[in-house]
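Following this message is one structure expressed as structure tokens.
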């Protein structure tokens, strides 16, 4: 696994989810596997949950980490052509190359511009990091996907499912501004591998890219979708056809108690941060139905599992060396 | 000790001070006690000394740490009611809950607004972190108190005292703006437990909240107060009755050589940062009378001692597990 | 080696370079030498490569680190006289003193103001850190020099040299603004110790301070200088006589393929970040002639070698204590 940017980067999605659930039982078990390895964390957009959970995952594996926030660190990167006589101070070719010199694995967070659909879908930023760093790349959310969030979401569904084939509903939510599709795309992508009835409820104006939703039942009738649901994932996203536009939110799509009552006492999911009483009613977030804290907590084990696999596949002899070195220390 | 926010959170203040002085003798002795534990450090206001000393304390105990500066990290938290259709991106309920998922102990720095006295004294921010994180909370200075600074100050007094019962004077100082009461409140609170003659000298306009000063002699005559003093703690603070107002400073309150000569060759203390020649004369800061560097240095051992106690009381089996695991590593 | 700020701080420059090249072979060999020691990293100006490589170096040596970015951390320091009734919040005397309390070695990055030549050349900021911290100081680039960059550059030349006495050309390059002399000064200073033919090519307007260039052949004819060159170091810098002025760049000084063809298939060097097609033609940077990535990578081993020597000379018993402590752990 040189890259982890989509569900398709792992040969067995269900196994990966299961591995993450297992690792959670004993997260300190592999505290030496990352020793002497360095994880670079490059945030080209703000992040908190992702940064904290990935830093913690690296600490649990004994890895060192080097953190860069391109905005606050004043590292304005050039992705285009030369001559560089403007305000950008370094080209991605050098920036990624240098990070490749210092790091064994590089995590990258980049957002879509939400103005040029083709550009966002080409995932230019992520691809340039892959191309120019020469090192394994871990997506910390990209223009179109957020795979560590989805791995965490799948863990949470399996941990809470009482049925062999639960009904899972992804329902669009109002927001105060246009927000990226990455979480919704990715959730849909990963749901392809799950044994579930998967329904997406959203206004027609905010239909997702069909590439991610071929296996889903799509409806603009939220109430019908919610009927009998076991899990309801609430998330806002911008328009996709009329790309990046803010769909003036209709408060009818707010997930409230009345709507929850239509479900099979559904568990409520959200990737956070959540706009209380805009996306979901506050009392639901604080009820026993809410899984949002468990989802956030699982982010640590999702990141840890993926990092562990990236270490094992890209630095196969590393953990053996670590072990033999330990012996050496004891003998000497 | 689930919380450390005031002197009253520890069952034996003098013992805690003594423990900190002892730990300073061998700060590397407990380098395994925090292994596999994570300290969250949330700064809702800027900090340097506190961040650096607490980070170092966590490193000395082998803890991992996760740092958040809410302002530079762009994490604008909501503490009030919904709907969240404004500029705040996450409610404290989720923010604290998520930090609780990632951290075993959480240190929080928050400042008073200095406009609404009742609100500041309710310590709303600190209380919300306690309530919603579900984890032990360490105050890194709150609206009304700065207990790690005070622990460090008490260490410094004991380390330098030549008498059984020294005279300790807290004297108000001029500044260029209204600054919080936390250090002065806290210093007064901790002085209750010390065997000392405690005097507070300040203009009537800046009398402190009496809750903290019942055991002190309070005077507006600085010269009289300084007579025979063994320790002089210099600090500015805003008005409390006319809450949060800047008391136009009177240079007569500047601690200078002439005033120092009234004392018993007193040791001079300040929590730093200090406005040279506004609060204290420069040459005093650079003289042998100054304890300000020792106070700052003691911050490490104050934080380390408190963190150690919080680990021992909240994760009682943790250090045993660490030890048995070490044996296991050696055997395997 | 209490201070590392110039080539003259090490008794044997060539040995230091050789040590760095050797350490690169096995960078994990000394992973315990810095245990329980704390490296402070104070950036008074932005840095990425230097921060990342020095953080990594400290991790490779097992040191803890404490990072301060004075600008984003809001630590506006006073270097001048009192009274401090302005916007600066702490005097360098206290700031450095406190960092000295918390750190065993302090790395400092400071830039020239590029307006007052005498002031910049006095290296006031660096000197005040030396004077008031009481601890070993490592320059992470100062007003006039960048010794870790130069150590890395020398390593790179030796690693790539096919001759006993190569021809090394430092050639001025256009830029979009006036940039510091530190890299060029320092490169020249370190070249004094190398067995090489050293030529500096630059327009007369941007001649460097002669203090650094007595051993160099200086010419304003770039083409002649490049003839037969084995290494070409490309770098822009501001005017020195007309101090700090931006020399309107002449595109004729851009290092392009045509100019490269004049050389002995020279290796091309640059400290990065580089303005592509302003300083160097893009295709050269991506060609086999480019050493820029190797230079950046060597920064880690340069910093690691210097930190190791600073530990050994300033904390001579430290590594022995570490070793005996390890035994103790195993026995207990």
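Letters A, B and C name the chains as they come in the text, with residue numbers starting at 1 for each one.
Just so it is clear, a residue touches a chain if its C-beta (ideal position, glycine included) is under 8 Å from a C-beta of that chain, and two chains touch if they have at least 3 such contacts.
Given the structure is predicted, the values throughout are model-derived calculations rather than measurements.
Where chain A touches chain B, the two copies mostly use different residue numbers: shared numbers make up under half of all numbers in play. Rotation angle for the C-alpha superposition of chain B on chain C: 120 degrees, rounded in steps of 5. As a whole-number value, the distance joining the C-alpha centres of chain A and chain B reads 38 Å. Shown for chain B are the residues that touch two or more other chains, namely 72, 330.
Those residues of chain C lying in contact with chain A across their complex are 28, 31, 46, 48-49, 52-53, 55-56, 59-60, 72, 176, 272-278, 282, 285-286, 292-293, 296-297, 300, 326, 330. Considering their complex, residues 36, 38, 64, 66, 68, 72-75, 78, 82-86, 89-91, 93-95, 97-102, 329-330 of chain A touch chain C.
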